[in-house]
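What follows is a pair of complexes built around subunit A, which joins subunit B in one and subunit C in the other.
This part shows the complex of A and B:
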């Protein structure tokens, strides 16, 4: 008689989800538990996207999901040199909040804490948590169902934060699966800058599936600098869901420095009039890295302005994907939307797939989009060498120059220096 | 300073230089003139090390080194400077910062300490004054948005900053109005010492009113076909190149 072995028949999805079997969320607040159960139900009706799904066409999900992971806080005390130039920093390790490493200096009108702490007493969180997450996105839903912790920020009316606030996600062991979850709410007229970093200090095989919800109310100004520094053999999917009200400014600068596969899903609903939106990205890639930036920006009301600038430097056999969509609604007259993606391909085996898209339903708008791909300018290289710069320095100088207009967008000086340093360190020896 | 012997060079299989012989000694200024397509700019490019050109024969000795065997940056560090006919615009690269890198890389190569920031800034100030280059231009991106005259002045400014032994000025006068021409020439004259030398490549005699050469060479079909004193330039201005070409044809007939 044949015995059916049930485990053999488990689908990829079920196998992946079995990673979460042992998790215990009994500590959680009731509203959050309800969100988790609803998300679990939603996941039942979803499948992981295949390359046949246009939105995920270039991202090899299988490499990410068909691996063994563990979910655990570090066992030993973690020694990390934070060197954060700020008085406020939330540290997560392997997706778990580290009370020991996080530090705060309270500023009037700013609540900055772990998400789990905020769940206990924030009415804003209770009211709005998970409201922006898309029902058809399986990775975002997985985060909703199984997130451990994350950062929470609430800035009250007209509060101008003095310093940038830091959120650091460390992965300190191999094969770690983490679901960091962030929530930001800026009340009317508030103004703050945030630095969000993911840093992999271990070697291999981890997957970070991060979701952030950001609410920018009327006339509030928000800047987030996102630095992704995964390990060579690690993966990240980061989803940001943003809503902007009238007269608000939202700026995101995304720097993808390392990771085997990094996928960014950035979705902005500019629901208000007279909004300013800046989407900037820089991806200097090496080895076999694959970085996929998908952005979606909806201009819903009149007089909005958006500037999108993504730049890639593709070395070795890396792959870059840019898919940026700007949608201008029928009501959104006098919209100015500018989108640009520029890439330098350094080798014959590097690839870029660039697809800027505009979909316009209003008739009185100024919109442009463009995509350029090329090599380093040989004439400029020769010119610099003829003045005595070595070939390596000349290349580094040109790469720096190419990246400079994205770097100039950074409103936090220490981040600017860090990215410049990274370019200097990594483009001296390129061939 | 430099000894060019029987230099042949081609681009994509077409021979442009067909046996150039030229020696320039310290303290001298040599002018190279010639009709369009005679190989003037090719000579400049080959000396600077542009790799589109293939040297098929001949040798170039520069201060005891085999110049043709050196990378462009090593030629520069050894004291060769090319003022480009078409200076390249390089957005995002600061004129000053890249010169600082260039100077300090050259010093490092010679085993010297980097130049002190104070000394560097003083040099920038002095040398930009020399070519009447607006201080703001010195600080901008390399040649970005510069007018034709500003670009050429920037070339001479960089030359002054790098203090070369041998300068090759490739049609530095092209596209300049008379004032810019005077400023550029004045810069070159002030930088002249008994220890350095210049090769001034030009299509017109005009520049040589301001930069007085010790020798004038006529380049035609990849060879130097006539050499004379500075008066030769005036003769060329007056009579064009045809008489030289005609003489040549008669000789070869």
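This part shows the complex of A and C:
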């Protein structure tokens, strides 16, 4: 054994990144190139988190990072049925912009385009791009360094968009790392709704690492409906960085329908006075799915109000994680913050880890949180069965009722129907 | 506003009432921590070989550990080599009556308002007095002895009941548990030991008073309470400490064992020196308290925490036996620069196990008060039930109240509820009281008492009165 292999064993991080360093980003604008190289430098000083890191305590990411991914556009022409009830839709496949599938009907005062196009024209993007991304989050930094494209939206002052705007991320090959990158800027008084969907059609181990930066100026209203429909053995880490100015309203509804490991990092910096924030989530899980919702809401100025409602239905041997943190700054008097996490555990092999946190430094506040874990009410089941419903139907009725207060929050009718349909389809036959 | 400010001032200015220092000769180990010190302590206490080995093993483990820093606390880390790990009042011959107790010590207790004679005569409470790690006086021993109840200092138990100590020591809090518990396992000097035999109901409340006395002395108490099958005991622990400027370290370990059908009720009032109003000095209180519940047994923790500069404490229950019950009731008051990171851990292993956590935090001045708790339902703990409520009350705009609950549920038949609120005393509530002729101080006392009532109700009579007094002293008039 004298002659040892001279090559030094590469770290997981280096192996993970090795495929990407040869990628050609020469098409990119200069400011964006600078951001990429800065991100690469930052990544050098970071490591992938282990479960010993509090922030990742309940989610092990070995399965995600110990795979060989490539960043590449789809090989074949993609046949996708786009029945989107909107006139504006951006389609990304494997993180690459698909010009032929995207369609627009421009509305006055709304710029909706691919990120790469916006990089050429938008001064707002140039000024603010990447400014919210955290330096210590390796996945967000990987996105900054290696993203291909994404969606860009800029809504001008007082523009009230009529229809929802769609952003669809398809993953159509196996072993793909896609890094969709979204940027939304709402000027004062603007009002718009967005539907952001990830759909994995390849059904084979891919990893979607999405980052969205959302800027909501004074008195603007923004609603985003995020639907995550990964494949059984694909992964997603989605990071949203949000800043809210005075009197603005922000609402996000997160629906995690499938994926082997899905992690959401939702960070909201409520910088203004009188802000309203709604964070809603629903995770009906099956199989071996693992879904981890992390939310961080910072109230920095007075009179803010926030409502957080996350609900989980845990079947088979799925695992749900909820970690919601509300931070009330000393200046943020008269803050009302309410946080609630409710879970139904369907089987003995399912697990839920819930950690609702409050960190409060102002005294004149009303803050509360609650977390419950239980089962479908036996008496309610009996009541329904006594009225002639089968066991499955009775359960489906109760699951529907449980999920309904999250679904009610959806402001886009077609999304509401889609989620209701999903619940109906999936909770008829449960044991 | 004028009035409020004045009241706030009053409270923050009130000096610690129990700050005095008793002059007594003591017998100290040199500063520092190494094997020699452990051997010194062990030899001093004439301990058997196995206990010395236990300590040395703990020391070796401790030397590889790092001081935890995950708690929501900020304080200068103690220098563990700059402490005396053994300090005992000069050994005295076994006492037959209180007349033989050091008169200065009796004086100390009088100042605290705890007169042993009075307690003996009037309340029927047996008091095992601990001053600086060594028990000095024990009362009611005979009466308890008739029932087969063992209630004595830890060192005495090591000498007289080594088989019991050896059987249960470290079974609930293993040597490797955490930094401070491991340190305690290496250097603990004394504490209390209690054994209730099968089917016995202890006829009186057992209580111990702890005092940290010698300057620069870490206090490492070890308490072990074993309730054999079908027995019942209520144990009280109360603490006050003299005023000192340097931070003093206290790292106690309390282990409770409730065998089948047994019940242990463990109540604590902690009123150690919280430091001056500028945040100077005060006790560091890093305590590991845990109970083990076997079938159908019950352990109930009640605590009123008003003292210490830094508190780090999570009394918990391991609900191992089926149908066992764990309870935790806590009031934690922090004012001035006090910091508390406290809560409870309930580990459900057995079927049909139940736990309740009621935690009330009150934060005033520049204090930081955190609730940190864990409720873990294992897969096999079917039909487990937990209810957790943790409320925080904020007084003034420079303090903080935080909640960090961990909830882990691993089966479908369990129900877990957690709720927490944070608020201040409503102006409308105060207005209502004032309208009915109360002054602001009385109104606040009334509201705070009502807020804490659920917990105070759990305390034995003698303690409930003392606890109420403490709350009043700590919070008189402080409204934000």
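We adopt the following convention: the second predicted complex is superposed on the first by the 423 of 431 C-alpha atoms of A that agree within 3 Å, B and C clash if a C-alpha of one lies under 4 Å from a C-alpha of the other, contacts with A are read in each partner's own complex, and residues count from 1 in each chain.
To be clear about the criterion, contacts are C-beta pairs under 8 Å (C-beta built on N, C-alpha and C of every residue); 3 or more make two chains touch, one makes a residue touch a chain.
These figures come from a predicted structure and were not determined experimentally.
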- [ ] For A:391, decide between first (touching subunit B), second (touching subunit C), both and neither.
- [x] first
Open item on the list: On the A-aligned overlay, A:402 touches which partner chain: subunit B = first, subunit C = second, or both, or neither?
Closed with: first
Open item on the list: If we overlay the two complexes on their shared chain A, which of subunit B and subunit C does A:380 touch? Say first, second, both or neither.
Closed with: first
Open item on the list: Is A:52 touching anything from subunit B or subunit C once the two structures are fitted on A? First, second, both or neither.
Closed with: neither
Open item on the list: Let me test your reading of the model: by the given contact rule, A:345 touches which partner, first (subunit B), second (subunit C), both or neither?
Closed with: second
TODO: Show which residues of subunit A both subunit B and subunit C reach, each in its own complex.
DONE: none
Task: Contact footprint of subunit B on subunit A as seen in their complex - done: 377, 379-380, 382-391, 393-394, 397-398, 400-402, 404-405
TODO: Report the residues of subunit A in contact with subunit C in the complex, numbered from low to high.
DONE: 54, 330, 333, 343, 345-375
Open item on the list: Applying the document's contact rule, which stretches of subunit C touch subunit A when the two form their complex?
Closed with: 70, 72, 379, 382, 392, 394-424, 480
Open item on the list: Looking at the complex, which residues from subunit B come into contact with subunit A?
Closed with: 48-50, 71-73, 75-77, 82, 84, 87-88, 90-93, 98-99, 101-103, 105-106, 141-142, 158, 162
